[in-house]
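What follows is one structure encoded as structure tokens, with my remarks underneath.
Labels run A, B, C and D following the written order; every chain starts at residue 1.
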Amino acid sequence: MNHLSRRELLQGATALGVGIALAPAAGFAQKKTVKLAFIGPLTGGTASNGLGGRNSFLLAVQERNADPKSKYRYETEVLDDECKPTVAVQAALKATSDPAIVAGITHYCSVTAIATVDTYHKAGMPAMVWGAVLPEITYSHQHVEITRVNGTMINQNNVAADFAVKTLGFKTFALIHDTTDYGRAHAKWFGEFLEKAGGKILSTQGTAKDQKDYTAELTRAKGDKPEVVWYGGLTPDGVRVKVQMDKLGIRAQFQGTSGIKSDTFNETAAAAAEGTLCFVEGAPTEKLPGGRKFLEAYAKGGFKEPSEAYGPFAYVAANLVIDAIEAVGPDRAKVAQRLKRTKNAGTIIGPVEFDEHGQNTVPLISKYVSQDGKWVLWEDSEYASGKRTLPGLKFKKM
Amino acid sequence: MALVLVWAAELAVFALVVAGILAERPLPLAATGLAIVAAAVGLRLRPGLRRALVAAFVAHRRAALAGGALLALALPLALRASPYWTFVAALALLYVTIGQGLNLQIGTAGVLNLAGAAFAGLGGYSVGLLTVTAGWPAWLAVLAAPWVAVIVGTLLFVPILKTRGHYLALVTIAFVFIFNILMNNFEFTGGPQGIKNIPTLRLFGWPFTAKPSLLGVELPAHANFYYAALVMASLTTLVLRRLHDSWLGLTLNTLRDDEIAARCCGVSITRGKLLAFCIGNFFIGLGGALYAVMVGFVSPPDFDFGYSLVMLSVIIIGGVDSIPGVVLGACLLLPLPERFRFLHEYRLLLYGLVIVVMLLYRPQGLWPAAIRRYR
Amino acid sequence: MSLLEVKGLTVSFGGLVALDAVDVGVDAGETLGVIGPNGSGKTTLFNALTGLYAAAAGEIRFAGRELAGLEAHAIARLGIARTFQSSRLCLALSAFDNILIGMQAGRRTGLLDSVFRRGKLLAEMGEALERASHLLALFNRDLPARGFERVGQLPQIDRRRVEICRALASRPKLLLLDEPSAGMNPEETAELMRDLQIVREEMPGLSVIVIEHDMFVIEGVSRRVVAFNYGRKIAEGPFAAVAAHPEVREAYLGRETARA
Amino acid sequence: MPPLELLLQQALNGVMLGVMYALIAVGFTLFFGVLDVIHFSHGDIFMLGAFAGLSALLGLKAAGVAGAALALPLAFAAAMLVTGLVGVAAERVCVKPLARSSPLMTLLATLSLGLVLRESVLIFYPRGADPKPFPQLLPQGGVEVGGVAIRYENLAILAIGFAAMIAVDRIINRTRMGAAIRAVAQDPEAAQMMGVNLDRTVDATFFLGSALAAVAGILSGLYYSEIHFIMGITGGVIGFSAAAIGGLGNVYGAIVGGLLFGVLQTTAAALIPRGSEFRDVVAFAVVMLFLVFKPSGILGEKSVERV
């Protein structure tokens, strides 16, 4: 350092500073800049889903910025809601109070999505929910600002209950769910559809989110000898339930909700994951015309974390919002109107169409089974073709 | 001359705060940061200036307070472009109220209450239940809710009195967990979704959701709550300062430092701790109650153990048992993490590191408690 | 007339009897010395008198009232004040605060006054501060000027004085001094004896019980002395007689030999 | 009332949980003994132990050491070394410098340190946000005795856990360092006068307690086949509760407290309607009641305050 004069240092620092300040402005001076917000959980127990969603969102924006035909240059503001309502309200306020931000791709956790509905409505900023599945987020109001690309848990559980009872022939169920609104509402809807379909609920037990030990609940369930253990909750807990089921020698079928449809579930539960069922809104990413492209692009994007189950939804939401901005210009009210009228939009998750509540009405639900460490669409699986038998069905025959 | 120095210093702090909050682009942000560092270094290197400043503030206490009040009133004007920062400022003021209550318990009386979040939650949930379920007007609910915190706190008082030190910490930690699980699992508290659509406050028919205007400038709707929180925080601070500089503060300090000596001087430990606990819980509950009407909804994760820690760090970073310290702590610790939101997932890590470093290098806090002078 | 009358006082911890059927009395205005080896029950007596320990048997009558079952703070309010063998000041508080706490039981303003009638409170506090200054000045003319300093910054002997002032601040009828000379050098001990003399002159009606190891101090301040060993009173009477008592000599000599 | 075999199964479940709680609680109680502090980041050191163990196992696997008989002891040693050193570092940085000031300071400092540890694993461990699969190295399979599923794995975990506890007992009661720890716990000043090196003893205590947390961490990984960066939060709170029920400073109390808390949780879930939702309420309520009626714990000495 000694041989550098103070003057030289100063010059260097100035050059660096000016460079940083001017670089973004110089390169893209010709296009107007529009800002988009992404809000999701980047820290805490559900961070993996939030990070996957964020990456998918960033991917959509990068693609659009690389497209010479786009009218605007898109900047991003990524905010962490920590899956906590207060933090989410603050993040939403931060996004809505920045006039440069035209719209948001918002929330994975239901509790944060429901908490911020009014914030977006008051600010008049269009917010498209990309992951939260609680029905009330769209169905409790008619605000023009709120739309949701992913389906609600109502359709999911209808399909799940019918499939388990009518197609697979299971009769008795032990329900375990986490006590967040995700798990609780899933248990409520699944339970309702199950009884309609003719299934029998032997017990319902709520457990704390991020609970480590499920042996007590599983032992209790075991006493009723259910054919299916159903879990309503997210991946980390789902893994524990399944692994501990095996350790306690419970050989019933394990069935989960969309919350466990993540690569992490198969990786972590490893051999125990085999034969697990779960149900997800939309069609499988790989199966759609744009899906493969998405996964390839995602892989090329060099992201540290996988896209997870809801990454494609965040990607689609970003694209729908950008399409609307391209069409009507960067005006919150116009974009909101335009988004709500979205009809039959072709996306990588299939056609998207919003009802009067802003809810995507294309109730496409996919059934998955874990096979050799991967989630395989039921119809394509060796379980459907008869090559393999679901663990629960084997057990039933005994 | 000294008076000019006082107001100039206050104005400079105000300008730095506003610039620090509003600077978005890297260059102004760096400039503000540099200015803050330069000011701090300058004060450190020039003890003469520092002493002159302190002396000026001591000599012109009333003028300094008036100037500070004026600037606090003007803050929403400076932040008018950003409802978000107005909200954060209001939140910081809520934590002043909560912090003062908790400081009476922890700082003054040494009752290590780690259930601050639960008592704030009792206030917030009471407002939710009283308005949404029972149909009370919001202002009445806000006035009634703190008493719920006081009453439930009194029920918890038996274990509080019987245990001390680390065991007491555990009892209160257990209470936060119990409170959280119960709120999450009861039907009447709305379960995990909590209580939504809590009606807003109205003052003489003026709804707090309408945008107020000050000096002909329209402010964001959250400015209403900012001013409400400002009034509440000022009153709380005044009351707590007066209590602290009186027999109560003296008695509580003594029983905190040496229970046996206090008893032998005629101090009833039960009465002292009960008073500190109830008065403290009142203000913590009041903060929670205003929070409920401000955000419009309450749910279990708003009041989990992590928030107890935020409250605790407000007190300790500000200065244990220090009334102005609580104000300073809340006004720093609440906005700072928001300011550093761009750090995304590194934010909490940094927060933890900052607290640890602060405790090691300035364990007495930023504004340590002063000697009581009864003036 | 006797101010304090203790009859058959017994204190035990689990199986260990710390005080065994002790009788002690003090008259108004009298100074009683208490001697005995370590662990002989002297401090236990103080702790029982001030309500920190509950008595297993016996009675304590103070100013015509039975103290059994009263809490420590209630006993203090009846007029018994004390100091402690190892100082129990609040080192983080000012010297004045440490003395004012002795006066809080006699305060005339309440919580609401503190908040809403500030003038009334401040007037009372002003009087209290003046009295604290007066008490400090009795022992050391320079001390009142340091009254707003943290007591932890004062020298050892001044801390002991602050502690005595705290005890006197409550205007007690009976003052219990637990080894006031503990940890002091001969000069400080001499100063302390002068201090105790000042207390005597300033408050002639005050009764004092003083525990001391230093025989010189005991001889100087008290006419009547009781001696303890193994929780029992083994001798009582004028200093010379007690000091000459064979059991007392044995208790102390035994200790001296053990030390040497 | 559920049938007996289910109750027995629940008791076994509780004991399994309890062994891990107990190992964490022993750390809390040891630290309290020598420094009179609660080291709140201990829960996250437990989590760190699990991750260190996992990394060691993965490293050994990559190096070709696959047999459980060799890999497991090595992983235990490595993880214990890591957490031991981190524990000592935590003590030197956060605990001892603040031990003389009010307990508030250590409370906040160690809680913040725990946050730093937790977030560091989240950010810097590869894909730290996800739960991590933990290799199954213990003998799988098991027997059913009267309707109670007993897995060989359970037996091995119990054996390792109790072996660790016995080892602690030996270290404390039979070695010079243990004597020093006991001396410091009783009276630090007197111990120093008798020639005990205070700093070294405190370091050793933190090393020992933190190493035990690593044992608990790896056992937790083996038992659940999965670890997650947030496991330290509940681990810490429950470990502290267990130590407090047992009486802070008493090693045997901590063990009893840990087992009690585990059994309490599972039986509450089993016996009470909607018990699984409220099991922690029951457990914590019992802790509170305990502290009210037995303020110094089951085996804690009744401390008479010296006047």
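Note that in this section a residue touches a chain if its C-beta (ideal position, glycine included) is under 8 Å from a C-beta of that chain, and two chains touch if they have at least 3 such contacts.
In this text the structure is predicted, and so the values were computed from the model without any measurement.
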item: Reference subunit D; chain at largest CA-centroid distance; value: C
item: Pair exhibiting more inter-chain C-beta contacts, A-D or A-B; value: A-D
item: Identifier of the chain whose CA centre is least distant from the whole-structure CA centre; value: B
item: Averaged-CA centre spacing for the pair subunit B and subunit A, given as whole angstrom; value: 36
item: Chain centre separation (subunit C, subunit D; CA means) in Å; value: 47
item: Euclidean distance of C-alpha centroids - subunit A vs subunit C, Å; value: 72
item: Sequence positions of subunit C contacting 2 or more other chains; value: 52, 84
item: Two or more partner chains touched - positions in subunit D; value: 119, 122, 274, 277, 280, 307
item: Sites on subunit A at which at least two other chains make contact; value: 43, 47, 51, 179, 206, 208
item: Residues of subunit A defined as touching subunit D within the complex; value: 43-45, 47-48, 51, 176, 179, 205-208, 210, 212-213, 215-217, 219-220, 222-223, 235-236, 239-240, 243-244, 247-249, 264, 267-270, 272, 304-305
item: Residue numbers on subunit B that touch subunit C, as the complex places them; value: 239, 242-243, 245-248, 250-251, 253-254, 257-258, 260-269, 275, 371-375
item: Subunit B residues within the subunit D interface of the complex; value: 106, 110, 112, 158-159, 162-163, 165-167, 169-171, 173-175, 177-178, 181-182, 185, 260, 309, 312-313, 316, 320, 345-346, 348-349, 351-353, 355-356, 359-360, 363
item: Of all residues in subunit A, those that touch subunit B in their complex; value: 17, 20-21, 42-43, 47, 51, 78-80, 83-86, 89-91, 93-94, 96-99, 110-111, 114-115, 118, 122-123, 134, 136, 179-181, 184, 206, 208
item: Residues on subunit C engaged by subunit B in the complex (per definition of touch); value: 50-52, 71-74, 76-77, 81-82, 84, 88-94, 97-98, 100-102, 104-105, 107, 109, 111, 114-115, 118, 121-122, 125-126, 129, 148-150, 166, 170
